[in-house]
Every structure is written in C-alpha cells, then in structure tokens.
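As written, the chain order gives the labels A, B, C and D, with residue 1 at the start of each chain.
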Amino acid sequence: MSHTTTVEAHAPAPHGHAEPNGFMKYLWSTDHKIISFQYMFTGMAMALIAGFMAYVFRMQIAYPGLNVPLFGHVSPDVYNALITNHGSIMVFWVAMPVLLAGFGNYLIPLMCGCDDMVFPRINRLSYQLFLLSAIVLLVSLFVPGGGFGGAWTAYPPLSAQAKYSLTPMGSTLWVIAVALEFVAFLLGGINFIVTAMNARAPGMRAFDVPLVVWFIVVASLLFMASVGPLIAGAVMLLFDQNLGTAFYNPTRGGDPVLWQHLFWFFGHPEVYVVLLPAMGIVAEIITVFARKKMFAYKTVIYTVIATGALSFFVWAHHQFVAGIDPRMANVFTVTTVLISIPIAEMCFLYIATLYGGSIRFTTPMLWALAFMAEFLIGGVTGIYLGASGADIFFHDTYFVVAHFHYTFYPIAIIGGMAGLTHWFPKMFGRMMSERLGKIHFWGTIIPFNFIFIPMFFLGLSGEHRRIYDYTHFPDLATPEMQALRIMSTVALVVMLLFQFVFLWNFIVSAFRGRKAERNPWKATTLEWTTESPPPHGNWAELPTVHRGPYEYATPGRDTDYWPQNEKA
Amino acid sequence: MSVKTIATQRASMNIPTGRLAVWWVLLSEIVIFGGVLASYILHRLGHPEWAEQAAHTNVWAGAFNTLVLLTSSLSAVLAHQAAEKGDGPKAARLLQLTVFGGLVFLIVKTFEWREEIIHGYTLQAGGFWSYYYTAAGLHAFHVLAGMVIMLWVANTARKNQELHRVENIGIYWHFVDIVWIFLFPLLYIAK
Amino acid sequence: MLLNLPRAATFAGEIDGLVVLVTWLVGVWFFATQIMFFWLMWRFRAGANPKSQYITGKEPHLKRWINIPHLLILLCDIVIIVAAVRVWVRVKQTLPPADDTVRIVGQQWTWAFQHSGSDGALDTADDVWTSDTLHVAEGKTYHFLLESRDVLHSFFVPVFRLKQDAIPGRTITGWFKPTRTGTYDILCAEICGIGHGIMGGRVVIASAEQHAAWVQQHSAVASATPTDTTAVASAGASN
Amino acid sequence: MSAHSAHGHAPGAHAGVAPHGPHRNYVKIWAILVALLVISVVGPMTGIRVVMLTTAFGIALVKAYMVAKNFMHLDIEKPIVHWLLIVGLALMVLLYGALAPDIQKGEGQYWKKDENFHKSFTPEKPHTGGGQAQPAGGSGAGTPEHGHP
C-alpha cells in the first residue's frame, strides 16, 4: 500500500514528454490505448479481406464456374487458397487481435486502474510482430504457385510436401505467418496476465476485477499453455517443407497424425481463447444495460476456470475419424460432452442476470443479447459433434461448418460489435448513432441466420466441406440442395453490404458524433471514471477501489449505480 | 520511455512484476520445449532402430557443454547475489562471465555439428538426426537470445540501475540450463 | 432418415437414431432456454420495470433455477455419452465376421478399389481393381482395408453414414454391410489438394446374384492380365 | 491476493530484489552438480541398460531439481509460481500420454502402421499417379488442373 501511494504521487509526471508526436505517435506509441486501436483496425481490415474471400467462394459454390463480379474465375487451387486463408484470417487475424489484443489492451489497464500495461514496449513489439505476420500472410497469397490451399488446419503431408500441395512458397509463408502471430500473442498474453495480476489499483482484490478482465486473463493463460507444442510443430513443419526432414513424412519414419494432435492440442483451447473475451464483453454490457449486479459473480469465474481447464482434455474430438485409435475416442467423447456443464452454467447465469433487471435495448445491449441467443445454437449443435457416434457422419460435413460459424461468428463479429459499440464513447469521446447502429444490427443478424441455417441441412444431407463445385457429385447436385446454397450465398452478400452501414456510422461518429461525457452509460467500472477519451496515463490521479464491479441498484442509494472508486 | 509506468512498479501479488513475467515466459517455454521433446520421445520409443543413429553422437562434447552451462549458471546466480547486495559492477562482470560461458557452449556446438555434418549425419540423415538438430538448435537459439539480453542487462547493472533484471535474466538462464540437463541424456546418453 | 438421405448400411439407422436422440435431449433444453431468455427480456424491459432489483445470486430460491436444470443437463449428458459410445463401439470398435474384403486406396485424386474377385481372397490373381466405383453386394458383410498413397483422404459414404480418414503409412480396417441396392456417392471428406473438389466415386450395391455375375466377368479379365497395382490405371474400363 | 498487503519491493534501484532467505553456498551446490554430471557420464560405460537409464535420467531429474531449488530460488518463491510450472509440466505429460497410443504405437485397434507402404505402390510420383489412374469420365468427374502449378 505504502509504496503504491508514494509512487503515484508523481503519477502524471512520467508521461507527456515521453511520447513522440504526429503520425509517429500513432505508429510508435507505447500507449496501450493506441496499441489497442492498432490491433482493432488491423483486425477490421483483415475482416474485410476475409469477408471478401467468403463472398468470392460462396459465389463460386452457388453459381459454379461463374465469373465472380469483382474477382473473376475461381479455379480449384484459388478456391482452396480462399477457404484456407478465410479460415486462418478469421481466427488468427480477426478474432484474436480484435477480442483478445484489442479489448485486452484497451480494457485491462483502464479497468484495473493503472496508467498502462506493465511492459509498454513489449506491448508495442507484440503489435509490430503481429502486423508483420499479417503482411506475410497477405504476401503468401500472391507468390508463385499461389496461396496455401491445405485448409486452416494445414494437415501434412499435404501441407508438408510441395509435390502434393503444389504451393511451395505459399505453404511456407503461411506457416511462418502463423508462427509469428503466435509469438506476438505470447508477448501480448504475458502483458495481459501480469498487468491484471500485479498492477491492480490499490484496494482492488481479485474478486473486485471486472469479469471481462478475468476472462481475458484466463484466455491468455489458455493460449500460453497450449500454443507451445504447435509452435514446435510449426518449426518441424517448416523443416519438412524446406529442409527435407521427415517429421510428418510416413515414408521416412514420420507420422502425419502427430501434427493433427499438436494442432488440436492448441486448436481447441484456442476456441475458448477467443470465446472468453467475447463472453466477458457480453457480461459487462448485460450488467450495465440491465442495471443489474452479475448473477453469482464468483460462480461465473469458477465456471470460466472450469471451462478453461476442461478445454485441455477435449482436443481429439476433432480427430474422431482421423485415424486415431478408436479407444481414445471414447475418452474424448466423455470430456467433450461434459464441457457443456460449465458452459451451460455460464449461459444460465448470464440469462439469470436479466431477472429483475431494467433492460434498456441500446445497440450494444442488442448485440450482447444476440450473442447469447445465437451462441446457444452454436453450443447445442456442438453436442452432435462431440458425440463420437454421430460425428462419424457429421465430421467434415457442412454441419460442422454451420456449427463453428454459429460459435465463431457470435464471438468474433457479434461480440466484437457489442464491445465496439459499448466502449466507442470511451475510445473516441463521441457517441455512435443509435439509429444507424440498430439498422446495422438487424441487417447483420437476420442475414446471418439465413447464411448458416441452410448449412445445417446441407450437412445433414451429406454435403462435405471444401468443395468448389458440387455438380461433380450426383447425390449432392440436386436442385433443392443448390437452392439452399444459393440462399446462404445471397444472405451473405446482403450481410456484407450492411457492414458498410457500420463503417459509415463508425467513421462519421468518430469525427462528428455527439460529444460523450465521462460515463454515458452510467456504469460502475473504472474506465468510466476518466475523461472520454482517456489521456495518456489514463488518470490525472490513479483511482483507488472500494467495492466490486457490478454495484447496480444497491439498496439505500439514490443513484442506481455505485462506481468502484467512489468513497463509501 | 526513460521513466517507468506506474503499472510496472505495482506488485499486487507481492512478486516483482519483472520476475512474475519471467515465470510466465518460462511457462510458455516449458510447453514449447515440451512439444518438441514429447514428439521426440514418442518417435524414439516407437522406433528402436533410431538407437543406432543415436550411437554416433559425441557424448564428450555434450558432457563438456553441460559442464559449461552448469558453470555459467553458477556465475549467473552469483551475479544475482551481488545484485542483491547492491553491487552493480560486480553483478555486471559476473553476467559477462555467464555470457562468455554461453559463447563457449555455442562454439563447442558449432565444431560438434561441423564434425557430424562432415560425416554425413545431416538434418536429413534420419529421424533421430532431425530431432537432434531441431531440439538442440531450438535450445541453442535460446542460449543466444539469453546472451544478448544478458549483455544488455549487464550494461545497465554496471551503472547500478535496474538491478532486479539481473535476477530475472538469471532465472531464464537457469531454465535454459535445465532444458539442456534433459537434452543431454535424451540426445547423447540414451543409446 | 436424415432428410432425403437413404440408409444403405446396417449401422446407418443406429447413427440416425443417435442423432434423433441428441436432437430431442438438446432441443428441449435449447427451446426452454431461449423461451426463458426472451421472456425475461420482455418481462424486465425498462418500460415495464423502471427500477431494477438488487440480486447477488446467492438467494436460494433463485439459485434453484440454475442448480436444478444444471443437474438435469448432467443427466442428459450421461445419456448422450452412453448412446454415443454404444454406436461408436458398434461401428468402429467391432469387426463382425466378413463375407468379403475390399481394399480401398485413396490417392490424389481418386479412389481405387481392390475387389477380392471370385475366390473371395485379396491379393490373388483374380482380384478386380476398379477406380472410382466400388461394387458390393446387398446383405453381405464387408471388411475394408483403407490405405492412402500420398496425402490424407477420407472415405465417406453418406448413405452408409460411414466416414474414415485414410492415412499414408497406415492400414485401417473397418466394416459395413449394405442393406439396399442402388448407386450412391462416395466422397473424399478430407482436403487433399487442388483436385479435392473432383475426388469422388460411386458405390454400386447390387443384389447378390448381379454382384456375383459382375465378379465372374471381371475376375476372368483380371486373372488374364498380370495383377499388380498398375492395374488401377487400366481397370477404369470396368466401370 | 490483496493490494493491501503489497509491501515495497517495487520502487527505487533495488526494485524486485526480494530478500532471498538464508545465504547459500552456491559454489558447493555447483560442485555437487558437476559430480552428478560425472556419474551420469560414467554410468552408461557400465553398459548395463538399467544403470544407464537410471544414471542418465534419474540424475537429470536431481540436477534439474537442485538448479531450480537453489539457483532459481523456487523453494522460497510464491505458490502461484509453483502452480504455473506444475500446470505446464502436467500438460506436457498429458500431451505425451494422449499421443502415445497413436504416435508411439505401431498398431492399435484395427489399424497398423507400415512404413514401407509406398514401396508396394507403383513408383511414380503419387499425384501424377492419381491423375493417370483417374479414367476419363469415371464418375463423370473429369480431372482438370492436373500438374497445374
């Protein structure tokens, strides 16, 4: 206690002069808020690219052989490169930067009441590595031989040997990009965890920390603990590709299945790495706009930890029919189906939080509620795939595609939108247009369901993934199935068009929107106690915390919210 | 930034921020090396015939390098001791000694590998050799990184600044040492 | 029956049954939760409930609403696990005695099938190699030896509800027993390069007699020509 | 976990130099480590496999433990640190255990590995092989883009 106060006596002093000016301020800043914007804007740009890819290959599926407007003819290798990089980008270059790095960087210091991340320069380095990885990935699309087309899971031998993939440079650059991205997020993750653990405001105990911070910390922890083997595996894959080793080459003593295990040992926790930040964002928003204390705050945290722990024991459900020993599948079925227990508990607690609330349907709240409604669909359809017996049929059909889009879309897009619209006033000091916001919301949610519901039925009729033209398969080329494909493609185009409403709203509001006061939503957490946008260093005098994060409608007070830093 | 952020100087967990961060780094390192070694052990036990490839490794070079790393760990921990006493210059000298140890390690490795490659035991010479060069190479890369950081730490420590960094880089160095302690039997002794 | 997808193998019905079971168990919870969710949204909208209540979540009478459903979900999970494992064991962990055996070889980008021929044994002179078309008899139990020449493939027959990845360097044995005649798709469900989009085949399920006739005819041809795997190339004619 | 109990490592030049318990004789510890190293090198020379394995890996564990305890000062480190290291190691054990049935074993339930499988096939490059083996119009699927770079 003593040292913190003494230190914070000279709080504003360190900064101001420390920062470079002009454009360099944006490019070279160590300020966590700037870095968060860098991550978010890069993520959004990548999202647009991946969205365009989706448009191109969905058009090809719906109208095989058609010259896709704005793109042209889609040959099989181009199609493979598009689906591969759409997946990679959406997971590694959109969901992670926006949700984990973007909101993590922005919220952790502000919600923990400190002036910056604990290692600002490492933080900057992590973004720069991330940017480099993004560039490498984009370059890989234009090298001779074309972009990598072995799917985002990059199973060898296809990914390991150019004579099979026919994309020697593309696959190498893809692996390099992914590995770089991992290193960037390791640096970032260490920063998040240590900041939240060690740099909390005086008086802020572990259970005074807002849920979103808890969730981001757990997510970073999952990432750090699971990505290692895949980094090693990526190095081995690079050697297989370029140095003639045979780690994954069965003809010379290697084993292709090894990569699948290393990949999914990371790949499944990765789902929770991106899910948890979104869940945290939703928790913050629901409590604010329901004017409610989180229902059983501590239980929520325990469920998160349980989910995180369990997520390390389920990875092989991605490999049920991949040639692993069938006896193992039974173990992983049990763990996989059981993970529904903490997740269901978490969803119930969120829903229970609405009970007795006074719900205001602002744009962020709409996104948050939509997250719950849509994610439930993704959650329950996961049971089909976790049940090994059913997965024999469902594995690698469009049922899987629909399922994980019902998890990843709510996570990356709906959760991201919820966060952006909620903290926009704090980030840019101005309010977004509610009207445009709601138009964008409905224009996104409704088409979203029309994109992916048909895919469940396509999957149920046996349609398999990653095929550029179903007319080659008599049983799959029926007019009914083609109609479903066209339906989801049309819905996709509509949804993409509605995103321009958001971009317009975002840009115009950022410059012309109504000025936002410090605490437009009347929220309790610390980030709302400083100006909007916060200055470098966040607070003139760093806050001290007196209570938990969700004191809404506390009995015996005239205001219905009680900021964490307000003296009793 | 010349002046540290306040966040960096807080210690809600009663562990100095830098040291806490190093421990998290080690967690991520454990799983990275764990991935390589697990894959290696799986294949090694699955392929008894690799033993005859492994027979060609140079135990003496490995043993000598183990000695070197153990010794450099000693100088690193002595540097930490000096830093605790607030004797920056001494800490710096000991750190430089540690860096020298790392240098010797890398030089020995270079000659060792040169010999093996000349005799045709290259990265592609067989499954064992692939893992041998990958695991040892990954480790050597960590040694190199540690040396660079350590020189930088020594430079500030010499001016009696940031003495806590001496301990932090020391912890990392000991970890690299421990990794080698396991690589030695795995790659050299087990035949 | 899943939508318009016929069942052509003994275990297809079991897998569909499992899917239906899961749908019931999961569907009930899904709709219950959604209805509750939307009802709360409507009931506690600011208009109807201007002042929110202070609820910590420790209140027993409220906590019950979480705990009881939670236990019930655990029960459903156990049911699902048991059902899933039962089907799995039946399809992947048991090998009923075979009437005939077929070798299935995946390669970029085609399926090659080695039928045992009239002597009912693999790797003999009269084996019939075909590419893209698998010929089987209704009502016979088949063992398949699944192999791959180059990259991962996945042998997927929707009407059998059967899927198994083919891994280079491994031979995976499985089984199926066709239950209705007809010609259906064989797919490759694991991306295997630029030709993945055209890699497929057809399974021809004939009545026992028709199949026997087909075998007779082609075994003769096969035993006439020297049998080694290069026959894959020529045997295309046998479609 | 509470900032109230946070005490002053942080500010000043000595930031983070926690008082590290009783003074240790590091040189002595180093000498023991070297002695152990010698044993682990001599052990294999007996040629007895059991002796070799125990000396090699048993001693590696002891050495690692000593370095961690005395040089990294794990013995007086906060419990959280022990936990995160244990978690990391436990995960690697889990990884090994779960992979062994597939990667280490040569065969399992109804599957077996055959490293020479490719020799049983016609020698030509697999993907062109796939191309040729594809008969014109088999399953109505042409084979476009073959050998297409």
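One rule holds in what follows: a residue touches a chain if its C-beta (ideal position, glycine included) is under 8 Å from a C-beta of that chain, and two chains touch if they have at least 3 such contacts.
The shown structure was predicted, so the numbers you read here are calculated from the model rather than taken from an experiment.
Trainee: Between A-D and A-C, name the chain pair that shares the greater number of C-beta pairs in contact.
Mentor: Higher contact count goes to A-C.
Trainee: Would you identify the chain whose C-alpha centroid lies closest to the centroid of all protein C-alpha atoms displayed?
Mentor: Most central by this criterion: A.
Trainee: I'd like to verify one number: the distance from the centre of subunit A to the centre of subunit D, where each centre is the average of its C-alpha atoms, in whole angstrom.
Mentor: 29
Trainee: Between subunit A and subunit B, tell me the centre distance in angstrom, where each centre is the average of that chain's C-alpha atoms.
Mentor: 34
Trainee: Centroid of subunit B to centroid of subunit C, CA atoms only: how many Å?
Mentor: Inter-chain centre distance comes to 49 Å.
Trainee: List, in ascending order, every residue of subunit D touching at least 2 other chains.
Mentor: In subunit D, residues 1-3, 6-7, 9-11, 87-88, 91, 95, 99, 103, 105, 109-111, 113, 115, 117-118, 126-127, 139, 141, 144-145, 148 touch at least two other chains, as defined above.
Trainee: For subunit B, what residues touch not just one other chain but two or more?
Mentor: Answer for subunit B, listing residues that touch two or more other chains: 9-13, 15, 17, 20, 24, 27, 30-31, 34-35, 38-39, 42-43.
Trainee: For subunit C, write out the residues touching at least two other chains, lowest number first.
Mentor: Residues 92-93, 108, 150-151, 168-170, 172, 193-195, 198, 200, 202.
Trainee: Touching pairs of chains, which are they?
Mentor: Going through each pair of chains, those in contact are A-B, A-C, A-D, B-D, C-D.
Trainee: For a test of understanding, state which residues of subunit D touch subunit C in their complex under the given definition.
Mentor: My answer: residues 109-115, 117-118, 120-122, 126-127, 129-136, 138-139, 141-146, 148.
Trainee: For subunit A, which residues count as touching subunit D in their complex?
Mentor: 1-4, 6-7, 75-77, 144-145, 163-164, 166, 200-206, 225-226, 229, 250-253, 255, 257-258, 261, 265, 312-313, 316, 323-328, 472, 474
Trainee: Using the touch rule from the top, collect the residues of subunit C that touch subunit A in their complex.
Mentor: Checking each residue of subunit C against subunit A gives 2-5, 14-15, 18-19, 22, 26-27, 29-30, 33-34, 36-38, 40-41, 44-46, 49-58, 62-63, 65-66, 69-70, 73-74, 77, 80-81, 83-89, 91-93, 108, 150-152, 154, 156, 158-159, 161-170, 172, 184-185, 187-198, 200, 202.
Trainee: Looking at the complex, which residues from subunit B come into contact with subunit A?
Mentor: Per the touch definition, subunit B meets subunit A at residues 1-13, 15, 17, 20-21, 24-25, 27-36, 38-39, 42-43, 47, 50, 123-124, 126-127, 130-131, 134, 138.
Trainee: For the complex, which residues does subunit A have touching subunit B?
Mentor: Touch residues, subunit A against subunit B: 3-4, 7-8, 11, 13-14, 18, 30, 109, 114-121, 186, 189-190, 193-195, 197-200, 204, 224-233, 235-236, 239, 243-247, 252-255, 258, 262, 542.
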